[in-house]
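Below, chain A partners chain B and then partners chain C, in two separate complexes.
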Partner chain A sequence: MSLTWFWRSGPLRHALTLIAVFAFGAFLLLPLWTLLLWAVATRWNFPGIVPQEFGLKWWSWVFQNSDVGKSAFWSLTTAPTVTLVSAVICLPAAYAFSRFEFPLKRLFYVALLASNAFPRIGLYIAIAAFFFQFGLIGTFWGVVLVQLIGTLVTMTWIPAAAFGAVPRELEEAARDAGASPLRVFFSVTLPIAMPGVIVALILTFLGSLDESQATLVVGAPGITTLPVLMYTLVDSYPEPVGAVFSVLLTIPSVLLLIVARRYLLAGYLAAGFKGG
Partner chain B sequence: MAEIVFQDVSKLYAGKAAVSALNLQVESGELVCLLGPSGCGKTTSLRMLAGFLTPDAGDITLDGRSLLPLGPEARPTAMVFQRYTLWPHMNVFHNVAFGLKLRRISKADVVRRVGQALELVGLPGMEQRSPSQLSGGQQQRVALARALVLEPQVLLLDEPLSSLDAKLRVSLRSEIRAIVRELGITTVFVTHDQEEAMAVADRIAVMFGGELHQADAPSTLYARPATREVADFIGTMNFLPGVATGTRLHAGPLAFELAGKALSGPLEVAIRPEDIYFAPGGIPAEVTSESDLGHYREMRLRVAGLDAPLMSFVPRGEGSGATVQVRRAVVYAGGKLVGEAVPVPRLVSR
Partner chain C sequence: MMPPTAVLIFLVLLPAFEALKFSLGIVPADNVSYTSGLNLISTQSPTFKVFEQLFASPAFAQNIRLTLFVTFFSVLLLTALAYLLALYGRFGRGVRLRNVVRTLYLLPMFVPGIIAVYALITFYGDNGLLEALLNVFHISYQSPIRHEWGIVLGQVWTGIPFAVLLLSSGLDGISEEQIEAARDAGASFWTLLTRIILPLNVVPLLIVLTFTFIGVFGSFTVPYLLGPAAPQMLGVSMQMNFGAFRQPQVAVALAVFSFAVCALVGYIYVAATTRQNRGRI
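Entry: the complex of A and B
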């Protein structure tokens, strides 16, 4: 009894809550903190808790490396292209999955997962052999095509769920007011499903930006993106190089999350329906 | 002019008839309610009229021209839905203006007409509100404004009040009726609430299991329900088994004269609770239970010679007695109305 009183009264409860928050925060942030430290360290030997010497030596090294600029260019061209092409292919498919009945619908829906069911690298090598015959190896569009395999699931499933959550009455009301089906999609369905679509776009973009296996197999030697370059560099240079690359690759993610925050937090989807 | 005709309209769902051979005419400027329990085909019929469903057979015409080749966006109908009526990502102005903008009307006209429509539904100056800032009743008013602003030839209301609370429902339904009256617009109003239908409709079309049972003015519907189902669904009704011989009809201790008709065999006699009243010289009855409903008292009576108890509504201020009389009754054979029955004055026979 005294224990419950002590628990309810606060000190223990507050202390435990605080510990949990700190543990969770440490779990999330310590690796990032280590990464940031490595990125600005020039010497960090065991058993130092912080680096012995700081400096931006490796940053200038990375920026002066001519391969880095080229890889950054390919990263920043493939990722938006993959995202755009995925959206063009997958958003109509997602709408169809959420709204229409067609033969073998469930099979198709689950089949999107098939590419995730095998060891990826085997799949990529088989595809590379296939691409070779079409001269797609080492080309921009070859990389875009092979990356699409990984992005299809995200770009279809998340928007399909978002479209499915839009009440049909809202679409019917727009048809009734005189809008064509296409107009209804762009004026009603898409804006209401937008938070879900934006999440899918961000995940696709980041997934593409981070992709290395497929790009390595299909892109080499012509197309090297930043993660691919990072794999080759971390093996032959000290730790700070990998850390600098990681920080560089984090910048687009952080920027995207800041830009999309408004959409991600948008509460109007639920709020507008309270009258129902 | 906007006269709607359903001609032998049928709709099948998974091989079962949701609506079968519906024939119904809605006159220009008339407000017709489609009434029935859920699953009776009323909403299916309305959605076929709006263009969201295609009939499997039959035709729907507006002023003699078939509507079936037109999609919902091309039909001169405007609908108010039961739930999820407003687009949550647009404010009130953009919700109401949506259809006008599609019609390429000048910006100034759009602003003026949206303002007028909102005024008509009692929400002037609410243009900049977001749907989430409105109450359920206000949302339905905006939905009504959004439908009316397009000046449709036919207004379709799909249970527009069923998600609102009782008091608001009553006040909004009389407002809707007043607006529709003022505009003289042909209106089809779907509801499962018979009181709502009685209150707003010029005529009520009652449907059961996909079939139209009766389409009549509320008073006719109440006084002379065409089928046993309608009699049971509208208001409260006492049903008694009876036997006819010629123009005479007996139901237990009750005797009736059939109005100008000779029948024979087993029948059903239907009596409204308010047509059973306490008066001397009638049939001995005993009150078994009673509940006070404010403006009247609901009494269950046991009458010698009748298996089931009779329900009677006794107006406030009137007392009970030892015997009851019946004012009028309607008679059903095989579930269909065959006529009215007038009680035969009971001869004192000891």
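Entry: the complex of A and C
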């Protein structure tokens, strides 16, 4: 009898699958559940499995903290700037990539992928050392620049895949009807490719909003965004502060992803990593 | 093509080249952060002295051992778990349970990395919820947080969505007909997996393996907050040398070392990816 006999028994297999899914769910959800509980706790001593006292007093503490306000300002200025700059740099390239043949196309393709294959913190250290020469350390534009590196691949491949999926017949039909190339792009190509572009914009925005390592290395001490502030909060404040802060920081991601969920096809997300 | 290329040159090529020069003892005089660093080795012609000192230090050897340990087990566990999830998401019976699993494995993507790490600390850490739960059943508990397995835990938790997404996108390319035909011919699940599914999914698997390796090897946040104070993973040691210890040359030499290791692995990633997309570019 083979070792896999139980696998062929229907009910037993179903039960085992259920247990595995349940265990996986617990692995993923229980840490987040703990964090949520801490965010609404005022007293939670070991070994209680729920807080002894609930309350929102740490929320007002976080909202009144001036460091948090300053970090929120830097987060809400860097993330849109990074998204905008990245779009301006990458979207034309993405279109060119999906539509034209040009010299060194393959080299560019490999270079972009290779930039993804650098160990991140090493690259940030090298960039920080390099930025010292230009006085970019601890400045707004230094942070914007270093964050660009993480957005290039997403902002190029996802839109490139979306542009590539637009049927050429539609564009040609519009050209035949007398539309100018620009008109064709803005009335035919772009609207059809829009979901891909939106996904890329959202992922870039969230990536920038959640970025902590590059900003820590290049932005310190002048620019502290919200995720960077988290490094200090984890070590030197009571649990509820970090928990409240975490919930606040996760809200934008959850909101944006709910708004955009109909665009978030798995294919697009994976495309960012494997190049189309 | 010009703007992205300019960004790549300015943000990857030039810094990497400068880092290489600096780690070989050539210190540019106009960079105050370089010249004011501690334990600086400065020569006219390239020298391997910085690396020699580094490789001779016992702390470095311990850091490397920890880094390789964590990287190996993170890659192994993450890939195995992600493959199981991807297979289940594609071929599992029971539509409702499958949708639950699909929602679950995407979840970590919506949680910023540093928040995920904090959540893991509050649950798995000393006097955390897990210890409290086990305490109800009088089971003693040794927290992995601040030990090497704590880092592995963090890497697996945060790495799941992309690993599963990539592997699933490869599985989506396998048609139902192929599977059905093999099933009709009497193939067992194991035969299906090793003879049909794995061979058709080699490239995504390679990408996940190499990408996870590079990601874990060059990570900072997860080992910084979940790992021990000493030894440290390479990324943490780099940041410490660059910031607190004021030894930018050591930090940059560590960075160059990590580039060299990952270049080897990265070659597989780039080769696999270009091979997969050969017909399309």
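One rule holds for everything that comes next: the second predicted complex is superposed on the first by the 224 of 276 C-alpha atoms of A that agree within 3 Å, B and C clash if a C-alpha of one lies under 4 Å from a C-alpha of the other, contacts with A are read in each partner's own complex, and residues count from 1 in each chain.
Keep this in mind: contacts are C-beta pairs under 8 Å (C-beta built on N, C-alpha and C of every residue); 3 or more make two chains touch, one makes a residue touch a chain.
This is a predicted model, so every value here is computed, not measured.
S.K.: Is A:Ser212 contacted by the first partner chain B, the second partner chain C, both or neither?
M.R.: Only chain C; A:Ser212 stays clear of chain B.
S.K.: In the overlaid three-chain picture, which partner chain does A:Leu152 touch, first (chain B) or second (chain C), both, or neither?
M.R.: Second partner only.
S.K.: One more residue to check, A:Leu249. First (chain B), second (chain C), both or neither?
M.R.: A:Leu249 sits against chain C, while chain B stays out of touch.
S.K.: Is A:Val188 touching anything from chain B or chain C once the two structures are fitted on A? First, second, both or neither.
M.R.: Only chain B is touched by A:Val188; chain C is not.
S.K.: Of chain B and chain C, which one touches more residues of chain A?
M.R.: C
S.K.: Which partner does A:Ala173 contact after superposing on A: first (chain B), second (chain C), both, neither?
M.R.: first
S.K.: Return the residues of chain A at which the contacts from chain B and from chain C coincide.
M.R.: Common to the two interfaces on chain A: residues 269, 273-276.
S.K.: Which of the residues in chain C come into contact with chain A in the complex?
M.R.: It is residues 1, 3-5, 7-8, 10-12, 14-16, 18-19, 22, 28, 30-34, 85, 88, 92, 94, 97, 100-101, 104-105, 107-124, 127-133, 135-136, 157, 160-162, 165-166, 168-169, 172, 189-190, 204, 207, 210-211, 214-215, 217-221, 224-225, 235, 238-239, 242-243, 248, 251-252, 254-256, 258-259, 261-263, 265-266, 269-270, 273-274, 276-277, 280-281 of chain C that touch chain A.
S.K.: So in the complex, the part of chain A that touches chain C is made up of which residues?
M.R.: On the chain A side, the touching residues are 4, 7, 14, 17-18, 21, 24-25, 27-35, 37-38, 46-49, 88-90, 92-93, 96-97, 102, 104-106, 108-123, 125-130, 132-133, 137, 145-146, 148-149, 152, 156, 209-210, 212-213, 216-217, 220, 227, 230-231, 234, 239, 242-243, 246, 249-250, 253-254, 257, 266-267, 269-270, 273-276.
S.K.: If we count contacts the way the header does, which residues on chain A are in touch with chain B in the complex?
M.R.: Listed in rising order, the residues are 167, 169-170, 172-180, 183, 187-188, 191-192, 268-269, 271-276.
S.K.: Would you pull the chain B residues touching chain A in the complex into a rising list?
M.R.: Touch residues, chain B against chain A: 50-52, 71-74, 77-79, 81-89, 98-99, 102-103, 130-132, 134-136, 139-140, 143, 146-147, 150, 163.
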